[in-house]
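Just dropping this structure here.
Lettered A, B, C, D and E in written order, each chain numbered from 1.
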């Protein structure tokens, strides 16, 4: 008789909804089924209704954690159609933005992983160290997560170089903190006992499921788009691909923690070597054709496919986020484990359902208004003000109402 | 008749329900505050545990249709009552309050198990499968820690000391008897066997309180608060009150059995308080520096190293060390 | 009367939050989690994230409501014990924002909740995503709204 | 073996008919294949190229059919091989790759529910992303899809 | 009529009468059954007034000293009354339990009556050979009752008969040896219990030790202690639940433990080593059986293993040799009879209404079978030793006994066994009454007063014997071990630790006054009730409102209770998967440690063990002849 334990859709394991149906014997999981569809809205269709200039802004909202990933990668795909070389300064800026994003994403994962195994201290520490990263991101791009920087052919705005000394100081502090955190996590015997041998994904399975990113690298596959198909400033900087062969949750943690160090180094080098020059290839016309963009997101290889029909809007935008291929590998890595381990394994590949399900927004059939990012901000502030008025209160200063 | 009134006072006011709850809330706040400080946070205000319970008591109670309604509603009350009884017995012994005793060590051990049992039965009868997983884990955890805990207690019970020519043995299941014994020959914890047993018992109490790393029965990230998942409003409030009582009662039990209870002298109260606080601090340190383990790991730990340690203590106690 | 005032005061001192990430982009969800962390530490106000709606006083919604999760969101709301309030975090939760005409979006979060409870109490915190400070400010306003 | 032109040549030699290669750049190869050959080509590629994995697939609604593009990436190399197969309308169908590589499982389910392509031999052809309240005939990525025609089967709202 | 004779005579005569009745007159048989057991109960209750032991002799067969003499004291009259009560409840329950479609097979009610008579006779017998005779009668009726179950029950009945029969043989040998020893000592009526009580046999020498061990074997086989336990689980699978309820209530436990108590208190004075052996057997029985019970998926087998496990406590208590321990053991025997009978009867209702005992196929029956559920809950908590129910009190006394005897290891085992018991009953409650109800069981409900009354009586007894434990302790069990009942209002001697230093303790130390552990069940219960009351007040002032919702919350999606469930049978899989322990348990399930199965593999025994009653009777007769020959020859 099959007993199915349902985890989700609204379950404290995940910030986002998804259902896992665990068929269990005692606490041992003998089969696992994933039910998605709670977030699916479908952005691919909407992208076909936006100009090439607007799509990156839209794609930033596929996922809040790797927002730059999707917008930069869309640019990669279009630049693939164009056969365009991006100006060096723009490549370096993309590198800085991307690596900062990787740092905050990895720290976020370490924290959440701690939270999932009830290790609140790790959660708090990791997220404490994540805050300065977001500060740096804000100092450099003007926003904590959504930078709105990438643009086909380069980046939209330059980085404020007067902020660099401050950022460097923060990076130096972060370096020590990350080292401490890495040491604390890797040397903890209880943690090692809890995580080793859990959720093992062998190299063969990893290849068959086509997993990417830290999930694949922890299983011994040295796949990293930054090295495989060098883009941005990576070929000119000094860093290395981290791999582990165990394939278990501990290995995934090790890979991410060691990558943190590499990423900090990358940001530092990119800021050091940031060349002068234009940040943008100028106005572009995209001809008919198709292009594939690849980008190493914090969670692994991100693939965008863009088909252009010569107009100023793409004909088809296909987004494949890393979680989309990482999540199905649960079937291989979870079966035979206990419920506790399965939840941990689920967390270990850092699933991101927003990315996985994307959104499918349809063209404005009634010719209604389109809302840009600044409109969103304006609308949001108006609403806050209205609510404040309704409550008969002065607007809160924290809301930065201009 | 006089005893009845006295017992009622002991049970309801001091050192039972009211007093222990107050101490428990304070200790819980201290626990949360200390944990927050370890995490570079400020943590909640001192009255937070009280507010939490007060709020919950005012909230609606939700009962799933398939649950065993009467039991589901009644069990938290039983849990509270049992915890209050255990607290009364433990504190009375620790403070050496001289009223006809109601029960002793064995009774305390059994009554202490009732709150966990009530939660377990409540989770099992709610009809929620995740609750059932939580109940099964809770039961397995009890199975796991009860063995070393019992051995550790037995080590205290069978302590022997040589006073001059005479061999004195505690050999009693009476709490006040143990206190008397320790007054006579010194704290049990002062000897190797007692110390070992105390360490084991401390770990078991950690599990009894459901603290990380042994909180798998309520693992929110795995089974959505597990055994507590269906309890809401006032029922949850009662369970939290129960938890507060246990927080204040278990360290006192440890101090009473292994560490001589409270000396009835000027500084005795302060020393006693320090002992209790030390135990709470150890609990906080353990829970802040470890991840939740799997239930089978917990069982292996308690039936393996912990039991072994306790048995060594027992051997030492047998040889008089 | 005194008792009900006391209970309300207790409610304001210890709002427990059940977080439901509806169909957003994750950004709000992360900022919400950020509120718990050392820099912002909402535990100072007695706020806790809980794992079951049974324990919660506040239902926190982030993102628009897709057709896929609508029923589950309503279910989570109905399973909460009274008194309860709904906190809508982020522009999408407040107004559906960018997804207004999407085929797979069922409606703004407030409408979806009002469908099952006409008297639901709602609090809006817009922003894309709102900064943690903003969310905390929203929670404070929520507590005031309870009075 | 990591050059698009080279692989295109080998593909042409192995499958003299029904395949049309268009190397886009040394890193990108696009090959249109006859749907009947799809499985063989995919199997041949997976066998011949070490480290090859199915990165993803794309479905595009065209006038006379649904174009399905399988993108293969190679670990440790910039090469992306895309094989295209057209599932002709009406009733577009294609053989499924899910038996060859589990990586195809989800993406085929997605294309199937959003574009209405039936994948023959898929081991688990259930719905993946599309809301369960939407009917099977709602195909949101088709060109002729009109969101105003959606009828949702919401059923009862949850009882109080 | 002689009052001593009545408890034996009434069930005996009604039993023979019922046996004579044709099977068609089932109603009449039932009436006779009720009458006979009730008569035994009343007759025994009349004996309760008689405080001092007295005996009466009716018949004497010259040279053999084979006299028909009965003897009653506080202990035995309580035991007989208890047998009568249990017999009555079981017969009442049987009337309701057996449906017209599925009748009792064979002479069911006559056997129950004769068994009651046999048990009463064995308890009251003064002459040890008479004891053996009645003891045999019980074994025989047990065999017949077992065979009245399912058609497939014959091998199980045979197994029971062989093991119990071996025990009986040991008893006979022991009795004969006792007689020889006393006759050598030149005592009059060497085979009388009263003689033995007056001149206990020392166990210092080999012969005395042998006698004790033989008695122990007899008691262990009857009561089902490891390693002679294996007939109980086997029998439980094949026999009807009322019979299984009758076993602890009126037959095996009562007789076995009664004998053991008599032997170690009066007849012999066991040495340290022998007491240790008894305690060892007791503690092994507790642990091994309860571990086996936890892993069972069949309610009957699970309960049967608990029936074995509880015997361990009784042996342990008696083995401590201290007064409090022995009293605890005896009290535990009574308590065990109450809750175990209740559990078996509840299980019987479940089987009758739901049609299965497979825990996997049961669930969610708390609303269909409210009375059964309530009674089973009480009995389950009682067997798990949850205060203030009766199981706790007697276990508490056994623990005290262990401390007095200075046996830390046995104390640990006993305490830990109690937790394991609790674990397996959490599993039972969850899998039978809670969790998801299979659709097939939707229409189940409980019918008939005859089924419910015995359950309610037994459950009430669980509470009464717990909360008012002082009454049976001071009035029955105290006198049984030679204590004067306390004056009214003086409080319990036992539970307040006023037994002089727990008496009969190995005199290693003079216990200080403070070391008396205390348990006042009445005060504890009152305080617990007060706590609940305070909680209710809190809830009242908090304006507790209760709302019922249609479903449990699991992430917000509706669930299918048939599939989305976590059945009780899955609860302790983790324990079975632990290294080492898991393997041992698997072997246990296969019967590797079952002495019967091990011996069965021996070729000679295989050939002799034919399954025919006549064959066995022949061997018995042969054995008896040889023994008698030896007896006369010496």
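As a working rule, contacts are C-beta pairs under 8 Å (C-beta built on N, C-alpha and C of every residue); 3 or more make two chains touch, one makes a residue touch a chain.
Bear in mind the structure is a predicted one, so any value in this text is a computation, not a measurement.
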In the contact graph of chains, the distance from chain B to chain E in steps is 1
Relative to chain D, the most remote chain by C-alpha centroid is chain E
Point out which chain occupies the most central position, where each centre is the mean of Cα atoms. B
Can you name the chain that lies farthest from chain C, using the mean of each chain's Cα atoms as its centre? E
Count the C-beta pairs in contact for A-D and for C-E, then report the pair with the higher count. A-D
Any idea how many Å lie between the Cα centroids of chain C and chain D? 39
Distance between chain centroids, defined by C-alpha means - chain A, chain C (Å): 25
Cα-centroid distance, chain B relative to chain D, in whole angstrom: 60
Suppose each chain is reduced to the average of its Cα coordinates; what separation in Å results between chain A and chain B? 44
Do you know which chain E residues sit against two or more other chains? 542-543, 545, 547, 549-550, 553-559, 564-567, 570-572, 574, 577
Chain A touches at least 2 other chains through residues 3, 5-7, 9-12, 17, 27, 37, 40, 42, 124, 128, 338, 360, 362, 365
Give me the residues of chain B that touch two or more other chains. 39-41, 57-58, 60-62, 129-130, 133, 136, 220-221, 224-225, 229-230, 233, 295-296
Help me check something: in the complex, which residues belonging to chain E touch chain C? 541-543, 545, 547, 549, 553, 555-558
Residues on chain A engaged by chain E in the complex (per definition of touch): 1-11, 17, 19, 24-28, 338
Chain B contacts chain A in the complex at 35, 38-41, 129-130, 133, 136, 212-213, 215-216, 219-225, 288-297
Touching chain A in the complex: which residues of chain E? 360, 554-557, 559, 563-567, 570-574, 577
Footprint of chain C on chain A - complex, ascending: 9-12, 14-17, 37-42, 46, 58, 61-65, 67, 108, 111-112, 123-124, 127-128, 130-131, 144-146, 352-354, 359-362, 364-366, 368, 371, 373, 376-377, 379-381, 383-384, 387, 391, 393, 396, 398-399
